[in-house]
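Same chain, two partners: subunit A is paired with subunit B first, then with subunit C.
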Partner chain A sequence: MTRISDRRLELRHDPLLTEKVVYSVGPQHPSLPAPVRLVVQADGELIERVTPEIGYLHRGVEQLCARRSYAQCAALLSRCEWLAGANADYLVSAAVEQLAGIEVSVRAQWLRMLVLELSRILSHLFWWGQLGLEAGQITAVFWALREREPGLDLLELLSGHRWHHGWIVPGGVRREPPAEFYGGLARFSGRLREALEHFEEFFSDNAIWVNRSELIGTLNSDYAQAHGASGPVLRASGVDHDLRRDAPYLQYDRVSFSVPVGEYGDVLDRYQVRMEEMRQSLSIIAQCVEAIAHLAPTTGGAGGPARSAGEDGGHGGSPHQGIEVPAGEAYIAVEGPRGELGLSVVSEGGPGPARLHLRSPSLYHLHLLDELCRGYLLADLFVILGSLDIMIGEVDR
Partner chain B sequence: MLNDRLQQLVRAAGGDALLLDARQHRGLVTDTSDLITMLKNLRNDGFTRFIDFTAHHLGAKPNDDNQLAERFALFLILRAPKHGHAQLTLKWNWPGAIASGRGVPPWRDGSQGGTSTAPTDDEPSAAVDVDADLAALGVASHAFEKAPALEELASGNGDATHHEPPTSPQTGYNKDDGAGQPDGEPSPAGPVTAHPTLSHIWPAAGLAEREIFEMTGIPFAGHDNLAPLLLDEQFVGFPLRRDYEPPKRPDYAGALLKSREEQALLGLALAAQRGTPMTKLELEEQRAQMGSPQQDDDREHGGSRYSNNDNTSGGAP
Partner chain C sequence: MPQDILLILVRGVILVVVCLTAFAYLTYLERRVLSWFQWRVGPNRVGPWGLFQPIADGVKAILKQELIPRRADKVLYLIAPIISFSAAFTMFSLIPVGERVFLTDLPIAVLVFLGLSSLAAYGVILAGWSSQNRYSFMGALRSIAQVISYELGLGLALMVPVMIVGSLKITDIGNIYRAETWHPAYLFVLLPAGVLFLVSAMAETARIPFDLPECESELVTGFHTEYSSLKYAMFPMGEYMGMSAMCAIAVHFFLGGYLLPAIGGVDLTNWVGLIVGNPDAVWGPQEGYWTVVSLSALGLSTTLTFVAKTLFLILIFMWIRATEPRFRYDQLMQFGWKVLLPAGLVLVFLAALFVVLMPDLGGGAQSTMEVSMYVPR
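Let's turn to the complex of A and B:
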């Protein structure tokens, strides 16, 4: 066995197929985030091929959405990417606003940005904890979830819900954050800034982690682009692209932040890119808070479109029940925690979409596994999978 | 020429989102080879990042030949890293003919087809005629039947044996079936016209095409594996077509009584005294004793709490 460029080992030519084993990993496996089956073909300890088999969590969300109102679609879609459900709320709201020509107040845009960045941090924290589990560092998951908890409390303070907020609605946000929100946010940010230093100390100088991640699961930038990679996975492979900077939405063109880019596209790079992204998100949140402080609160709290009488379908309280959206097509993309989360909406008029399609970054990332794992050891499989941050809910939809 | 015109359009958009609508630029793409040429040019122009490919079913309409055609709108979203990751959304319509048994692909109905050697050209032919469709469907059915098995994975690429889709009359699949139809009424004809695959231009498109095929039934000619991606292998129908009706759930609430009159009739007051609802068995015994004429029908077809057409007088208690 000879080494190629990185730590990838050359597969041996074996026409007689001796010692080839096909493992079926999953659909239920302690190291898998949610039901998915990986068919792994190995030559001894070397992985030769990985074929993901998906659909165990398929709920037919797109089919369900074709018969439901936009408010219901947002609720369904936020359950596709449950670690950062605010992104789905934003996508549906932005699509409705684009189709119906609704202007969103600047203050509401800053508030949305704040919550999207907070969601990114919480999602990345969960990812880091899980990565620790995959790499045999069980401490990570306790540390990560401990820091994540105050963040969830903040979102609960804001919207009443920890995970699926429904706080971002067409036309704005549901209501003003309560006064104690900003104090809690400042405490959370300060604490997390220190904690991130701890996390990095714990991982960066740790021979176990570095040995398991450096030059493991390398992804070439051309291959990544051709195969649909996006977000931190793409950036770790050296492609300097971030929708927040390159196609700014909300008020992202008015904040300053840097886009971390990796060099080798290995597990270590993907880890470092995400850790740096959390720091950048904290900086964006600080800028949001400052901008919000200088803007007067919108009247009526949410600033959403007025509800027409008797059209709320008895659901009460939801400002966008019964909204009539004109016919048209829209593609809205957001730089989610996992990459480009996109929503194609076809409206034929009425309170709900005729067709809605979620562009899920994890679907493409999961199918990179075959390229990423080839020539590495079986023990690397879960570290590589963990570094991709797959969300099965959005893969299967 | 196509290339120049597109380049102008993309430049004119200044890197912003650009929607090329087939209705607005009807002359731009006239047939499938033009489409593929255009897309290849776009890729060579810098649109190397595939983002998404999705289909929207527009419904069935009679076409010029008076045959019912399923119509789809296809959306392709690309980005060009070279041009500041500019986003391009392309939309085109994809018509097709359709079998009378809509929603059920003919090769899933269990009838056996013979084998033939359908061509698997990387370059789909320009003309969309019936023979091309058959060839494409041959590939599709082959891919469908051969989901990656473990032994195939171990032996590298599987061999290519193509199964021609069944052309039995009862499926209405064969185009000749339409010949006997009276004029003036759209005739059931062949299946949806195969679309040339984009997976040799952007490898990631292969995944999206698998999803489009299983959800809407557009087969992709030249695609090497159209096995179901998200749905179960046994699943019948195309869920993202307009006329798709989800199967009714079993009536789990069937053991409970549905109307107050029925409750009174069957003496549920006794059960209420007891404090628990009647079991299904008890209910059947009661009904048998009373000789209720509508016992089974009523229970199975109406009043399910999941059913959309609620035709019962009252809800479940």
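Let's turn to the complex of A and C:
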């Protein structure tokens, strides 16, 4: 807070009496996916400082989870990371399995991987369309949603839900994919492969876009690492780090895929890393399908929900409501679409966690904005924001 | 004299009615065209093929609550949309749409047109300034800079055909390909000038990729963020009319106006006459009653030709809107000053060279620039 006398002194040295302008971007703004407020201090259009103000979407999810069963936790957490809800399901299931010492069949692990990669693609597609809107390219979002739709239909076929699936459960997955799932998946992959080529025409081959993204919002690798960046944002800055390869979970050590790494950490690099990730995910999905085809679905091969003794084993009701998890602590992390999504669970025994904390990549990325935007123009702020792919539901929980 | 005034009034009313309808259906067309690009259906619910959608939109705009920000400069705030809107309409009154179908055909129409296209920007600037909103203000600032920069390219591009024809009258320029002074070598400067004009016109009317004054993803909706109801609707109206006027001018200056080429001795210009058997087209010039018939057939065919050409250009504008991302503000300025302005200067220089050298090249007669004062009869 500057004192008025200081302010006057400042003005006296400035014969034109120019003032810095403060834009309050949000909490409601056409480019913001969900409520968050960015206080942008600028000299005309030149940004000097960006202060994110969060909390508009706070729902107290972590506190709620401390009083709910694990199944309910998964449902709540998937509403934090709504574009790839399967990640939350997996995190909770893996935490329960680790604490309770439940073995998951190999086949179920492949199935989980398949769905996680599918969610990554769907999330990235949404990001791609959003980025188009931020850059003033109004057609991209519709093309992205058009390709995304069959993917959502696949998840609906699998679990009955399009966004919040609850299909990955402690012990395995809720049920075998129906026979038509694999055919649909093959069609979806084929179409998307072609579509991605067209998508490049919108941005990578467009001079206006390249001018707007090249060397804009550069993030150097030291700053990125020091401030907890992860996922595509970190990799675009030249840090070759991917949890799927460096700390493999599920069956990721048995598939081959490359990890795209950027050079300058600018908007264009982040864009290209994500585009390449979609192609890599498609290849992982193909490998998953092949592996699953070779593993016969034995009884309970898909895992099936873990149940405590005495439960009726019927199909109604919450599948693992009655599960007793021994006391302990667990931290599970996955390479989510936006970066390292981690879940820390403290159990004191009983059907639900005593304390639960979500490590969300978006929270870290949102606070990179100040560093990324300083010295760039107001117009760049939105493209940079788009390139970070921030999920507000994850920032405010 | 009173008959003259009455005639002008009637024509004016016709112009306003036609323009308003055209505006309404241009919004419909744009929504439909954009939705084809975007794998959507577009408005198809109100009436057959959604054709009543513009009417529903208009009624909705009128019935919305009027809000005036408390801190706004009320007079300027209310005047701004009127300036934007009326400048665009006046622009249209300058443009002949067919043989003998026009409201005015001023000998200095080009100058008036350029003046009006700058005046339209005042609406934007005042709207942004008076709203007392930072987004609006920023939109207004961008608009000032943009209009000043791109007006240069626009004016220079228009100078090329003006120099070739040697007149500032739009019908003369529309006749450019049939003028005495015409020579095919002029195409080397005329075509680049046409491209330059279209790009500048896109920036002047602030359409994607030059829509920085509005810029939805950055400035909410830019200069008209604080406007509501009919006042809000007047800005898009002005914008669409401005865009159509720019396309219409481009048709006159670069695409041969409302005329069509003559192929194999048959002048396609009077194609309605050819189809329905206009005596003029079939038996040569007529007298008496038949003159009226042939003239109206000529008026109809030229008007339809003109509308078709203009629509073609408008569709190009829509196509570009659907496919291009937006420029950044400083890149826009650089593009205007470092690319378009030099290109325009070079074109004007070349055109001047051509005009001076053309008699030696065996081309048309040397044209002389005559700007006479408009004296109403």
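Things worth noting here:
In this section, the second predicted complex is superposed on the first by the 362 of 397 C-alpha atoms of A that agree within 3 Å, B and C clash if a C-alpha of one lies under 4 Å from a C-alpha of the other, contacts with A are read in each partner's own complex, and residues count from 1 in each chain.
To be clear about the criterion, a residue touches a chain if its C-beta (ideal position, glycine included) is under 8 Å from a C-beta of that chain, and two chains touch if they have at least 3 such contacts.
Remember, it's a predicted structure, so these values are computed and weren't measured experimentally.
Applying the stated clash criterion after superposition on subunit A shows that subunit B and subunit C can sit side by side.
With both structures placed on the common chain, the touch criterion links A:Asp266 to neither subunit B nor subunit C.
Legend: residue contacts after superposition of the two complexes on their common chain; A:Glu176 is shown touching neither subunit B nor subunit C.
Within the superposed three-chain model, A:Asp89 lies out of touch with both subunit B and subunit C [touch as defined at top]. When both complexes are overlaid on chain A, the residue A:Ala333 reaches subunit B alone and has no touch with subunit C. Of the two partner chains, subunit B is the only one that A:Asp396 touches; subunit C does not reach it. Once the two complexes are overlaid on the shared chain, A:Ala226 sits against subunit B while remaining clear of subunit C. By the touch criterion stated above, A:Asn206 is placed in contact with subunit C alone, subunit B being left untouched.
Partner contacting the larger number of subunit A residues, of subunit B and subunit C: B. Of the two partner chains, neither subunit B nor subunit C is touched by A:Glu117. Following the chain A superposition, subunit B and subunit C show a smallest Cα-Cα distance of 15 angstrom. Taken together, the two complexes place no residue of subunit A in contact with both subunit B and subunit C. Residues 21, 23, 29-31, 45, 132-139, 142-143, 146, 202-203, 206, 208-209, 211-212, 377-382 of subunit A are the ones that touch subunit C when the two sit in their complex. Partner subunit B is touched in their complex by these residues of subunit A: 17, 20, 22, 24, 39, 41, 49, 51, 54-55, 58, 60, 62-63, 66, 225-228, 230, 239, 241, 243, 246-247, 329, 331, 333, 340, 342, 344, 346, 354-355, 357, 359, 363-364, 367, 396-397. On subunit C, the positions that touch subunit A within their shared complex are 34, 37-40, 134-135, 138, 208-209, 211-212, 215-218, 220-221, 321-331. Subunit B makes touch with subunit A in their complex at residues 17, 19, 48-52, 54, 56-57, 73, 75, 77, 81, 84-85, 87, 89, 91, 148, 150, 153-155, 202-204, 207, 215, 228-232, 239-240, 244, 246.
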